[in-house]
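There's a structure below that I have some questions on.
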Amino acid sequence: MENVFSLSPIDGLYTILLCVLVGIEVIRNVPAILHTPLMSGSNAISGIIIIGGVIQLLENDLGLNFTTIISCFGVLIGTINVSGGFFVTHRMLKMFKSSKN
Amino acid sequence: MENVFSLSPIDGLYTILLCVLVGIEVIRNVPAILHTPLMSGSNAISGIIIIGGVIQLLENDLGLNFTTIISCFGVLIGTINVSGGFFVTHRMLKMFKSSKN
Amino acid sequence: MILLANYGYLTATTLFVVGMILMGNPKKAARGNGLLILGMILAIISTFALSLSNTGTIPWNKIILISSLILIGTYLGRKISFSFKITRMPELVSLFNGFGGLCAALISLTGIIAYQGELNIFTKVILMGSLFLGLVTFSGSIIAYYKLAGKLKSKLSNNVIFMWITLFSCFLILFDGLMESNTFDFTISLVLLSIFSLLHGIFFANGVGGGDMPVLISVLNGLTGVLTAISGIYFENTIMVLLGVFVGATGLILTIQMSKAMNKSIRKVFIGGNKISKFKPTDLELKINETSPSSIASDLTYAKKVAIVPGYGLAIAQAQKTCLELKQLLNKYDTDVKFVIHPVAGRMPGHMNVLLAEANIPYEDILDLEQGNEYIAESDVCFVIGANDVVNISAENEKTSPIYGMPIIQTYKSEKVVVIKRSLSNGYADIQNPLFGEENCRMFFMDAKIGLEQIVVDLKER
Amino acid sequence: MILLANYGYLTATTLFVVGMILMGNPKKAARGNGLLILGMILAIISTFALSLSNTGTIPWNKIILISSLILIGTYLGRKISFSFKITRMPELVSLFNGFGGLCAALISLTGIIAYQGELNIFTKVILMGSLFLGLVTFSGSIIAYYKLAGKLKSKLSNNVIFMWITLFSCFLILFDGLMESNTFDFTISLVLLSIFSLLHGIFFANGVGGGDMPVLISVLNGLTGVLTAISGIYFENTIMVLLGVFVGATGLILTIQMSKAMNKSIRKVFIGGNKISKFKPTDLELKINETSPSSIASDLTYAKKVAIVPGYGLAIAQAQKTCLELKQLLNKYDTDVKFVIHPVAGRMPGHMNVLLAEANIPYEDILDLEQGNEYIAESDVCFVIGANDVVNISAENEKTSPIYGMPIIQTYKSEKVVVIKRSLSNGYADIQNPLFGEENCRMFFMDAKIGLEQIVVDLKER
Amino acid sequence: MKKIGLLKENNNRSIVALSPMNIKKLVTSYIVLVEKNAGIEAGFSDEKYKLNGAEIVENRSDLIEKSDLLITYASEINLNGTQGEKTIIGCYHVLDGNDIYDFAKNQNTSFFSLDLLPRTTLAQSMDILSSLASLSGYQAVMSGLNFTKKIAPMISGAGGTLQPAKVLVLGVGVAGLQAIATAKRLGAIVSAFDVRKQTKQEVESLGATFIEIEGATEDHTSGGYAIEQAADFNLKIQQTIANNCADIDLIITTAKIPGKKAPILITHEAIRRMKTNSVIVDLASSTGGNIEPIAHSNPTITILPESELFNTVGHSASILLGNNITAFLTYLSAHEDNIHNDAILSAALVSENGNIINQRLLNQQ
Amino acid sequence: MKKIGLLKENNNRSIVALSPMNIKKLVTSYIVLVEKNAGIEAGFSDEKYKLNGAEIVENRSDLIEKSDLLITYASEINLNGTQGEKTIIGCYHVLDGNDIYDFAKNQNTSFFSLDLLPRTTLAQSMDILSSLASLSGYQAVMSGLNFTKKIAPMISGAGGTLQPAKVLVLGVGVAGLQAIATAKRLGAIVSAFDVRKQTKQEVESLGATFIEIEGATEDHTSGGYAIEQAADFNLKIQQTIANNCADIDLIITTAKIPGKKAPILITHEAIRRMKTNSVIVDLASSTGGNIEPIAHSNPTITILPESELFNTVGHSASILLGNNITAFLTYLSAHEDNIHNDAILSAALVSENGNIINQRLLNQQ
């Protein structure tokens, strides 16, 4: 049980499988008025791709070369996606606050 | 990638976590008329515990001793749970077949 | 082979989860159940494969033994489940759940006995814990079964105390059994634990009111899931852990959902016992069976013919339009719905007509007393909405009743009567209505409009 | 440290999933969004930790660089998102999605360039594939953005053909790039691939009708998810894979849900292009903006004041009771709803009064022409249900119109006009209504009853 | 078999006490004689009665002579010179102090007046008062509106918007409730008042507004009826009504107190404030009416003192009336030996053998 | 400023052509003179007119003498000996062939009759026919029901269940539709028939049943009006109606064809089959009626030939009428220079300078 808690040799697949199912289930029954906020939220999540850029920046040498610039730009653009996504979602959701029921 | 497809050292936890979430999500938004069939279905699933009995029977020696009998009885009772559960669910669900919409 | 078995398990898990998802949709539920069955078969086969790959040889005798056990079990399960009327399905679920608990208890018992010496403390906790849980589930489910069947109505006044005492005892025994220097012999510990577990289950279940039974069953079902997961850890079997967790999670949510649907907190269901707080003191003590919107909804959908009896309460609640909605929803299930109007329902002649006309209920769906009583005799459910005097059976069978002799709507002729009103208080004539205590009568104490809306929401699939 | 980072990821995943679950509930959605933000922060920190534990030293310069990038990005994101009016949020989502795509493309480009020589074919496929997908998402989203903003309306007749050609080219280039004996220099391949990917995105998005934009955005969003998952495999990063898969799955379902809500198959949305099949030939070519029940539902909930204009179509569809339901639901959102009745709406004096009285809509919520027009001027949405002549703006601005001079309900004074009718066909006076082609007017072609019911279903949370 | 005689009403009423459908049921246990043209005003021809098994008798005194039970709503009956025991069943509103029923003084005569029935759930199927009050309430709206020169519903048309009529109902018994329901149906805005608290809920259950006035006295032993109010509370009622009637188009008053004069609800002052063309239908007029009885000061308003509006829907009224009386006959024959101990029968029995024995009537006198 | 003169109706009508509310608007551009007691029948006192800025004129001939525009619904007007140009605005149903409007032959007189307005969407705000037909339709139900001796809604009471009344509406124009709506409101079961196909949808939009008879001829250029039907189709209509009327309590006929005699829809045979106490309200009676004009064979049914039922709701009618006429006045003053080219004004103009110039009227003669 130490560092590794693995149930079976193909746990990765279980994980992905279940992840897909969760994703489907989460959205499936959402009232349509929330479609746009949800899309926006999940769009922001997909900005997790900046982690890739971060890893690239962290692992490569930091010279002022083409790749570094592209990576930096990528992370910047990606962050705009993430933060913008969250802010937009936030603004949309504020509308529901006044809902009484 | 061979036999083992594991994403990270703690995949087991991911799996359990996601499994709980799936379980919650699956039920959360179900119309109440399906509560009873669903309960019955999930009750049947929990009969998976007979696998434990099966393993015991498979792995222990098959003498006519106390444990064997108990195991056998366990598997029998468990199977009644499983099959009965499925049949009950089936009967309840048949009622919805005539639903027109 | 191991890999094959593991992929088998993976596929089985998928089948289970997808099956359960499908079961959440009335149109696909039947297919979902099919997937569950497939999953179960696959899981068992994979188990064979797994153990086979461990041992190397094919243990034919064992396989035959197990297969025949499974076949017999299947046969018995089928027989039992078809021997009950469809309206008694919830009882059956409860019964089967008890079997599941018993099975788990037996399996852990085997584990304990077989490896008595070799068990480390971790496995011991797991096994004894699952013995405890299994037996609680078993006895609890059986009690629930009898309560639902209406065969058990006794209420112990000190139930809660007994429940806690038995629980506490179980823990003591468990703890003691784990100690190196245990007071009891281990076998005695086991026996004691079993007894107290059974007792605890009984008190636990007995404390829950008749109307709350579905919640109890759901809790017990969730317990079975937890049990399965624990056993899975013991057997180091992924699918058992996963499905156990899964069932536990569904059980948890289902419990929450159900108690929400009943407008009660879970705490109230179990600790609060079965007091009906809104009781107005009455001369006669009626044995009231409460029910919930969701079970009314399922009663209504299972019915082929429904008679709705509106009364003055419908007018007060102004629930006429919701009535129409209910009717339309039920018509979709091929359920025939008619309104039966008693001549003196409401507070003026034609009071109910005004309401039903406002809701645009077609004249041909409105029956008067005579036609209505004929219809009710063939109906599966008679749904009384805010009526009281006009369905007061004392007019027929209590010579001393001030309304003795008045023709009433004979709701009791229906298979099942469901009444929605806010409390047990009396109607215009101010006399008690023994109908509410009848065996086939279920009460839902709620404002008619709110209550009907809850039922409608339940009926509406998304 | 690794373990810490991994548990960080695990926690982040939980936060994301739970956050998304909460977002499915209007009451808890805001809290859900908070969890998502937390998850994102945690994920980034964990990444730092992970890389740190790999290298051993703390690369301050890099951390500062990255942090400042993130800060700047956050600032820009905030600025952009607050610079748009609330009604333009969908455009913003589309824009940001494009950024996500671009980011992915850039990251894979870095990957390709940095390790150009060392790439095995598997990684090459992954990287070039994600370059392709990233750029398609980018250009597609940008087109969607402009279309939503109403700045782009051109429709190419051969759009579908171009879409397929560009797609095919991309595949050719990709395939060629993978070959040992590639025709093009690898850099050229990359450039070509980029160009064709961008083009493909443009044509892909352009083929989708204005009313179907939300579906398109959802698809593109799902694509970003797939992209992320692919990159995750490349970076061997669990959380990227998982969340990518997660976003992909949500995107898929959202797409299905949305096209269902619009009563269109997904195929029709993308391949069928934007034909309005029910068109009745008219003299004047109006530029119609179609909309869907779900977007009407969200328009209505975002509104503070809604004016409903009923017409003869409401009577034909007998949708008056659904109107009441809609009103009641909206009132729950603090939305003020009034009915504006034109003197000649319907086919007899008082036709609309009869309907609204039948639905029990209180007299104080019914406005006549004059009051109504004042109210509409302050309203956010004016919802026209089965009316035509009485909202025909040619009565005001076309001297030659046969009804020039008739006072009409001035729907155009509202922020947004939504019209529900079955087709573009004319009303009683048989003249075309230019309102339907106005910029702030959205059409929903559907029977009023069915359409309203769809909207009501959308509005009802469970 | 006993003989039932159905009389033609002779006080200008267009109803009949049994309909042909009732005859069908009654002929299984009685011989039914019907006076010629008894049902003609209510739309029941002699043929229909014959078809259902009744015998038509040309001459009224013949009929009276031959019958054991005489059925009528409230005809004058001349029993002079008749032979044998007679039971007379009708609805003579004996508490209102009229003397149409002088036949009650005859020897050999029992007289049941169904207006005396207790208002209990059990007696409801024989309750003529309810049946007819309900129709009167309906007609009060229908004919009252005709005098307002206005239509009831709101109409938004090309000629402008006509505002819905406003209706005020005073006294929410059976008639009042039906009036509310009818006016609501037609689209009017309805408000109502009664001294009995529980009527608030009843009014609201029909979608109308209740005007609340604090301080009413109620007697729960009065069997659902109202009782007389204190003088100062009456004043308060009158003032509140006067304050509320300025924009009312139609007032329907139904307030009665059994055996007492009807309370005055609408004063001189209230009438003065009412607007042109407004109408008051006073259904309580048979016991004095709810309107202050002085020459009123507003010539542009119409006051209709109506106590038997059900006559204008004689067909419907006769169906209900016939059913009620048939139910009573059935009950009577089942409890014949026990009349004096039966709550329902003893309450309705006015006189026996020429002696008034009804307790309520005696108490009143 | 021109002077408007509002006349008191002198043909036994209880309406008035302008209401005090209209005066308020008109006094900004006209001097308004009102004949004494002009509005009294409709519930508008002279004070109210004065309050809104009108001048009351005691003497009718004075008023006529002083005014430039004379406003009336359809009064007889004596212009003999008056001076100056007069414009007369009214609604004289000139196509129905009456000659109340002999003043039109006067020199110096223009005469607009608003019944001639085209039935277009634009003209609807001046459309008196629609406004009044709508009220007549409403009243047809209200007063027709009064004669059935029945109540309209279903009532299930202790006295048994009263079945809902059945109403049949023939001719589903403005009046017919309103009749359907009103009867439905009251809880009746309603069916209807018209020769114009599109009315099926209109009928169903009010929740009533449409009786379909195949084979009608329609003319889409007739501006929404029906045209005469072929003889054999008329026969078919009559038979279908006869087959459908046996259980109807109230028939309301409104079928008209502009400028023609109204079609016969209800035959002798149909009337024979109708049940006791049933009622026919014939709103088409001014142009001959929809009922076969022979002494009918069923004395138990009531036939009410009514063409101006709106008089019984004179207050409401006057409000609408006044609004319509005000709208016309506004339109007239905006298009005064262009009367002959304006579709609406030229259609309504009957005569100028003593010459009948209206095309439709001339075509007919």
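A few points about this structure:
All chains are identified by letter, namely A, B, C, D, E and F, in their written order; residue positions are counted from 1 within each chain.
As a working rule, contacts are C-beta pairs under 8 Å (C-beta built on N, C-alpha and C of every residue); 3 or more make two chains touch, one makes a residue touch a chain.
Model, not experiment: these values are computed from the prediction.
Counting only chains that touch, the fewest steps needed to get from chain C to chain E is 1. Look at the contact of chain A with chain B and you find the same residues on each copy: over half of the numbers used there are shared.
Comparing chain pairs A-C and C-F, the larger number of C-beta contacts belongs to C-F.
Between the CA-based centres of chain B and chain F the separation comes to 77 Å, rounded to the whole angstrom.
Separating the CA-averaged centres of chain B and chain C is a span of 19 Å. If you average the CA atoms of chain A and of chain B, the two centres end up 33 Å from each other. Counting partner chains per residue, chain A shows two or more touched chains at residues 3, 7, 9-11, 13-16, 18-19, 21-22, 24-26, 28-29. Across the assembly, chain D contributes 3, 17, 21, 241-242, 343-344, 348-350, 354, 357, 360, 462 as residues in contact with two or more other chains. Among all residues of chain E, those that touch two or more other chains are 124-125, 130-131, 134, 153, 155, 157-160, 162, 185, 187, 207, 320.
Residues 2-3, 6-7, 9-10, 13-14, 17-18, 21, 238, 241-242, 462 of chain D touch chain B in their complex. Residues of chain D that touch chain A in their complex: 3, 16-17, 19-21, 23-24, 26-27, 29-30, 32-33, 36-37, 39-40, 43-44, 47-48, 51, 54-55, 59, 61-62, 65-66, 69-70, 72-78, 80-82, 86, 89-90, 92-93, 95-97, 99-100, 102-104, 106-107, 109-111, 113-114, 214, 217-218, 221, 224-225, 227-228, 231-232, 234-235, 237, 239-254, 257-258, 261, 293-294, 297-298, 301-302, 332-334, 458-462. Residues 3-7, 9-15, 18-19, 21-22, 25-26, 28-29 of chain B are the ones touching chain A in the complex. Contact residues on chain D toward chain F in their complex (touch as defined above): 312, 315-316, 318, 343-344, 346-351, 354, 357, 389, 395, 402-407, 428-429. For chain E in complex with chain C, the residues that touch the partner chain are 120-122, 124-125, 130-131, 134, 137, 174, 177-178, 181, 184-185, 201-202, 204-207, 320.
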